[in-house]
Amino acid sequence: MLKSAFTLLVVIGWNSNVFAQLPDPGFEIDRTTAIVITDPQNDFLSPDGVTWGVVGESVTANNTVENLETLFQLAEANGIKVFISPHYYYKHDHSWKFEGALETLMHKITMFDRGDQLSTEGFDGSGADFLERYKKYIDKDFVTVVGPHKVFGPEQNDLSLQLRKQKIDKVILAGMSGNLCVESHLRELLEDGFEVSVVGDATASAIIPGYDGNAAAQTNFRFIASHVYTTKELKEELQK
Amino acid sequence: MLKSAFTLLVVIGWNSNVFAQLPDPGFEIDRTTAIVITDPQNDFLSPDGVTWGVVGESVTANNTVENLETLFQLAEANGIKVFISPHYYYKHDHSWKFEGALETLMHKITMFDRGDQLSTEGFDGSGADFLERYKKYIDKDFVTVVGPHKVFGPEQNDLSLQLRKQKIDKVILAGMSGNLCVESHLRELLEDGFEVSVVGDATASAIIPGYDGNAAAQTNFRFIASHVYTTKELKEELQK
Amino acid sequence: MLKSAFTLLVVIGWNSNVFAQLPDPGFEIDRTTAIVITDPQNDFLSPDGVTWGVVGESVTANNTVENLETLFQLAEANGIKVFISPHYYYKHDHSWKFEGALETLMHKITMFDRGDQLSTEGFDGSGADFLERYKKYIDKDFVTVVGPHKVFGPEQNDLSLQLRKQKIDKVILAGMSGNLCVESHLRELLEDGFEVSVVGDATASAIIPGYDGNAAAQTNFRFIASHVYTTKELKEELQK
Amino acid sequence: MLKSAFTLLVVIGWNSNVFAQLPDPGFEIDRTTAIVITDPQNDFLSPDGVTWGVVGESVTANNTVENLETLFQLAEANGIKVFISPHYYYKHDHSWKFEGALETLMHKITMFDRGDQLSTEGFDGSGADFLERYKKYIDKDFVTVVGPHKVFGPEQNDLSLQLRKQKIDKVILAGMSGNLCVESHLRELLEDGFEVSVVGDATASAIIPGYDGNAAAQTNFRFIASHVYTTKELKEELQK
């Protein structure tokens, strides 16, 4: 009853050039496509945020703040839904018994802190709040803010469900930080069966001695996504 | 009924030095710890494998083949269970309607190909088979081979369940390739609530013009894991 | 920046009749629809299978064996893809350190046993093999057999991914056993964002003193799914 | 290199009595055990809640409100952590493009409605709020309220992660409603590798003409969980 054996394709002359010509599968924007933005929050994007000392260089070099605003504008102009996956740490998260390196750091510097999900005291303008210039878009109906992720990926929130409940199958991904939350979202959305592209310069990452988070992110975006856009290329694509 | 507001800790004098001193939370090996190895298969680790042209440089530089064998030996000697998460592409996987860049490539070069899960014809010694020198360990009872992952992470297989069913809560991770399957396993195991360390030099990654997969992997391991071991350090730790 | 408060709809005259008139959202079969069948294997559906003593009554009453064959026929005739999610227990699964009631039983009676994923010895015609009369369909290209689930749901296999990679968003669900694997697949597919209907009489369940698994399954199908078909109704729907 | 073939155990004289003697694997409460309660909210448990007309009969018969309070008291007295998985529907959830039967109903009757996660206006005492008598427990530190689930199971929230981050491996489950959220939590926690018991009479379910949700729930709890407690039995167990 076994299926007939699968004849292996003969691969003649394959060599490292195959990788040198890493495929670019491409990405077609259609009515099942949404934009997903991770962590457009003060602690990452404001010079007053707790991580500016290490992400500021990359945010500035990539022009991330402006590029993310362009994404909101392109979405609104083109009838594309935007989903935001934010990061909040609640009081009880500070009692976790183990954490990885960046988790430990984020907790130590009180990044994204908020009392709990039923408390909004002190939230407005805090590091956990959205960057002020994005609020006018986020308040509109084309933007949905899903529940908070708790480590780096959307495994703990309702992002995938909210996308599917709107019949979204394809995602254009951007946000902060590139090699942590954006990349974890990219990987999980892929496993969830979404077709995913990334806007490379609408992300930024921490750069510390010996470890260039932005280079890591851009490398992995290129290896993993269906396509890596620049903001300019995406804009031209949508204006065709 | 809201919980009392959470008072934000006052962070005095925090600056970029915090990141410069990226925490190293550490990892204590105990009886709830297992070793997880991804893709110890010919297509990655044999000079005859279909990806050697691009991963060979990193495999050789990191001494990955020998380091992975050391992990099998250390596990057996110290009563540590090993779980292998392999990669198989079946005939029907070749009819997928969309794929990311590396997925496209892997299918194109017939990497890890196997007819189906009820076929073993032509499997022995194929690119999908385990590296010959590891088989004497894998055949023993301390090693469990879980179902195949299908993209890069363990979301599509039973790795997490098999670990939990053996009361494993902590993972020492290694294997191929570093910035794809190892890193996706790291990220998903973290979201699944495992405490995870990585053996950095028991991984290797593709290096292609403009994109250093190994640098990306080592950077992200350092940011995300509880600790990054060298094989030598792990050996010393277990011999204490 | 908070979104304007959501005004609760005034619900006038709501009472228990609302539930008495439990909504039937309905299900429209289109080109994004597939049929998913769980465990069409001898141990459930053959009088020689290890569970026949307790599921036989329900299999016979529901006409499950014939109804499942009708689903294969309808699928082939109407160009609908079929995905099978099988159940295999490997040797290493028998060393699990804890299990629920039915898991314990399934292991005890060696249900669905198979050596491992690289062994097909003794598989043909075993309790883990597909019912003989279904093999002529399963061997064809419109049927995809995904990896095995390990408890009751598709969380440990690649069912969701395989469906999405074929651009499937809607599922017609059937198979064995109703209140265990079918229902766990229903619940997980729903959380994964699929629109799901069930063919109630193409399932069957264990009935033991004090516990009617079939009644439980049919109740929960009605509460949870978008629509519950009979095989006859589905046939008529497809012949319109 | 295949593992030696697994010899099937000879099962002599197995018959339906095996199921008649459905195993009761048992459950040992230790320091890795927590109590998880789903939806202890007014819309389910208060006579003023929107579902009382259909769940009231079962809530009263099972003595659910008092039994859940006993669980909070037992937890506090015995140093057992409690995790609450609540249900909130936000404004944007009302724009979903498809839903199953009960989802459709819950939205129609504005069950668990709350503006959004950054709004608490009108929340206090609403159908989405916790039952007043439980608040004095929930306000204490032994209780953690995780993010909201969005369909029936914990796939969209951080329950599993929060449990693991506290080194919890075993769960005693209760809450509302039995055959929907409790059962979906039971099934998903099992797939996530937790050892799970249920307190049968600290749940209740909708009973509508032709469909007894409570019978379905109690049947499936018995089939699936490691053990089904009564509140009285759990109390005695903890007082040993």
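As written, the chains take the letters A, B, C and D, and residue 1 is the first residue of each chain.
Everything that follows uses one rule, which is that contacts are C-beta pairs under 8 Å (C-beta built on N, C-alpha and C of every residue); 3 or more make two chains touch, one makes a residue touch a chain.
Going by UniProt, the chains are A, B, C, D = Isochorismatase.
Predicted, not measured: the structure shown is a model, and the values here were computed from it.
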Margin query: Spelling it out: a chain qualifies if it touches chain A and also touches chain B; which chains qualify?
Written below: C, D
Margin query: I want to compare two interfaces, A-C and C-D. Which one has more contacting C-beta pairs?
Written below: C-D
Next item on the list: For copies chain A and chain D, work out whether under half or over half of the interface numbers are shared, and give different or same accordingly.
Entry: same
Note to self: Averaging over Cα atoms per chain, report the distance between chain A and chain D in Å.
What the structure shows: 32
Next item on the list: Would you mind pulling out the distance in Å between where the CA atoms of chain A average out and where those of chain C do?
Entry: 34
Item checked: Where chain C and chain D are represented by their mean Cα positions, the distance between them in whole Å -> 23
Check: At which residue positions does chain A touch at least two other chains?
Finding: 1-3, 98, 116, 118-120, 151, 155-156, 161, 165, 167, 191-192
Item checked: Residue ranges of chain A in contact with chain C within the complex -> 1-4, 120, 124, 129-130, 135, 138-139, 160-161, 163-165, 167, 169, 191-194
Item checked: Contacting residues of chain D [partner chain C, same complex] -> 1-3, 5-6, 8-9, 11, 14-20, 22-25, 50-51, 53-54, 90-91, 98-102, 104-105, 108-110, 113-116, 118-119, 121-122, 151-153, 155-156, 179-180, 183-184, 187-188, 190-192, 195-196, 206, 208-209, 211-213, 215-220, 222-226
Margin query: Under the stated contact criterion, what part of chain A meets chain D in this complex?
Written below: 92-93, 95-98, 116-120, 123, 144-145, 147-148, 150-151, 155-158, 161-162, 165-167
